[in-house]
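Note that the chains take the letters A, B, C and D in the order they are written out, and that residue 1 is the start of every chain.
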């Protein structure tokens, strides 16, 4: 059965809903404590949002050194899917599992609102359930979401189709991110980081299900990599 | 003349400094020998025209008192370099 | 010996520095003569034991490279005082 | 034995301590009567440490010495009440074994001095009040008041306060579901910052802050103690002045990261069953938490302040007892459980340090390195502070203001009035503010800020929780009794608009100096109004907070008794939003328009006239309306419902059409008011603020059913128009004339009003 590990650092605060969203697609989901050195058999790792270590110094700068991150590195190196949401994205950048960095929003204010995004890369374990170019609306809630990288890195990301999620327009860009980048992936397409919160948009009661695709994709990815067993 | 003014704005002694605490904790877990203290504040670099260093410093101090530092919580330190 | 290490972590030249812009704007609205540039970063004061200033500085640089600064977006500067 | 007795008789005055002089006593905000009572209680002169203890516990903030008799008259009981006033937070029963803990707290004085930290630590304090009951915080609200935004100082205060509220709550991961912001001259120099927290718990997990079990251990959990905010409690109990500026306590700095660890550790400690009681070290820090816990349990405590982990060397017993360092808890537990407690705290990177124990002699005893520095009979210390019920007399001006009438000559045209009102910060969209608060973390937000009440769902349960906080202070200033009723009535309408049933309230009573007869009159009358409304609605008062002395040389605040209310939606899927949803839906006015303009925003904002007689709040009509709305919502007859409050019918209809805070365009609408309230002046018809009214929209196919339902509840229902497509205009058809506005223009006025002034 698909097993999803949700990392828990001190100061993370989106782990409950992330776990719920994972369970909603029929996965076994469990927390992985920051001091653990193993992922508890997780097929997929999700680093949820929040304020690991209070975001002191820089968002994600301290969490990056937690013992569990070694296991995440190995998992990623072995081609295991890793999704970083918001603070998780920041941690992945600080840990150099993704290029670039996330800086203070250009208006210097925390911003919490729904934003329009375009799914530009569906060849990942987290976005296969979307169609290329699909417009979705997801909640954002962050103070440090301005994606920056040097020009070479940006050129490479664009050339290799590694921009997974983009704010639909300059007007929709809530933080001044370069090239309206809302989410990217590593060269192998296994490690993905995004600023918006899909786990907050998986239930019609809370206004939108546009984020459910991220978790459905995980289930699809797992199903495909499993040999179909004769009994089923 | 053009000067490079370096302003350091630090939390008052005695005030809680959560950032400093967190950094100190992080550095110790990274295995650095124990530190006496770590405080985190703001660094501000200002390039300005002034007749001489004294004028540049005086203006910078005035800026600190009016805007750059929060008198209720912060102390500031100003130094001037010719650039 | 005890040293006071002053670390300055500043946003990379060329990168948008909204805080710097905000401060520059605030200062100009207060009627200060126009400034060449204003950049805002982090100031970190570390009190540490070390054999000599060179060791203290070396350790601080190492801290900057590993934790205190993010090379993607920041440059750092270290200076050491005997305290 | 004889030894301790001797020590109890004469705690040691440490050298270096000031002698007890009348000046020193006065500096501790204790009057002669109070000091004499202390000496009588002890049978001797208090030590410096004891004087500090009394100054904290007998401060207005801790002792409620000017408000107790009045608060006693609140209705505090009911079938749902699990915990009424007196604990860290009130608790009401919900379905399926759930309960809701909620409380509001003011942090006005600290925010006036340092808006960011003052507001942030205010949020930190109210979160602790809720999770020390064993509840997980699931919603935050905030009620703010500032002077007019054209003064830079007020803009500075508002941006600092909003950042402070946001950064703290965002970091903990609790969604902000609502609040209110108001602006008036009296708040210049006296901003109000009230923070409310709502938590969920299983009723069986409820824990009370009651020290029990002689021999049990007291532990300090969380942050180290520094010299922060010493005398904060007594500071909050005097007018801001040059003098108080000088005595200003060291600013308390919030550390939301440590608070988050403390939250998780506390809930884990409570469910582990390892602890007897837990209490926040809030105002007056260790002193009040330990003394109040002991008094509740009817036991004594003994603390050695030298054992308390401190941030700075050389802190005295006096400083350690009175420090208001944040993110600290006091825990009582069986000695055998200390190891287990330390383990749970260590998991969350926190320290738990034994600092004393529960004793059988009822004494509040403090040692420093084993030397007794304070020995005070515990219960009298907490309960024997003199209680005052000062003279209450309404001022002549207040009476005159009610009789006054505006000079109508200055009124703008009706055409101009609506956009002008939507552009007034008091009525305009507060999006600039709540966009800085995380409103969707936890993924339970069903109705975010931007409408009436906020609504959250409870994963695994079918019910939902509606929350709001409201007060129209202008009405209270003009008529404290009706204003108090109106605050409860508006909160209840906001709850009812979502389809929920109002359950109970918490209140934050922000007033001036109670020793002034006109202020105390406002206080007693407003409380009487709140009581009568709560009785009528069966919404008991489960707790609250009193903040007096909101005065400064620049003036005094409007009497501002903010009412925080929670409501229950039996089926959260039936929640009703406040904005129009679909074109061609019918638009209804539920309720009666009497045309009373007294105290209206129309007069205040456009004629610069705060006066007249506010509408009388018809509690029967309000209750009927609440019940009708709940029934209509559960029958699925409503597409939207929006409370009619500031700005009257015109502004409320416009708001419903303008669309939610993040919609691209609202809807147009045509509203025919010719037969709604015949004979009224048009400005009264459009802008009067009579209560018991809401704007509804629904499918035309349900109109008949809705009408008969309204009739069965005795609620007048008027079908006044239809929702038009986005891009269409808003049109009012009035006797003798017709007014139209482009929605684009109205949206700009409404949504840009505050950003335009702040940036």
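Note that contacts are C-beta pairs under 8 Å (C-beta built on N, C-alpha and C of every residue); 3 or more make two chains touch, one makes a residue touch a chain.
The model shown is predicted, which means the values in this text are computed figures rather than measured ones.
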{"item": "Between B-D and A-B, the pair with more C-beta contacts", "value": "B-D"}
{"item": "Mean-CA-position distance for chain C and chain B (Å)", "value": "8"}
{"item": "Computed distance of Cα centres, chain D from chain B, in Å", "value": "37"}
{"item": "Geometric centre distance via CA averages, chain C-chain A, whole Å", "value": "31"}
{"item": "Chain D: positions in contact with at least two other chains", "value": "255, 257-258"}
{"item": "In chain B, residues with contacts to at least two other chains", "value": "18, 22-23, 26, 30, 40"}
{"item": "Per-residue overlap in chain A, given as positions that touch at least 2 other chains", "value": "53-54, 56-57, 61-62, 65"}
{"item": "Pairwise chain contacts under the document criterion", "value": "A-B, A-C, A-D, B-C, B-D"}
{"item": "Residues on chain A engaged by chain B in the complex (per definition of touch)", "value": "53-54, 56-57, 61-62, 65"}
{"item": "Contact footprint of chain C on chain A as seen in their complex", "value": "57-58, 61-62, 65, 93-94, 99-101, 103-108, 146, 148-150, 176"}
{"item": "Complex contacts: residues of chain D adjacent to chain A", "value": "163, 166-167, 170-173, 255-258, 260-261, 348-349, 434-446, 457, 459, 572-573, 661-662"}
{"item": "In the complex, chain B residues that touch chain D", "value": "11, 14-18, 21-22, 70, 72-73"}
{"item": "Contacting residues of chain D [partner chain B, same complex]", "value": "113-114, 117, 223, 226-228, 250-253, 255, 257-258, 311-312, 325-326"}
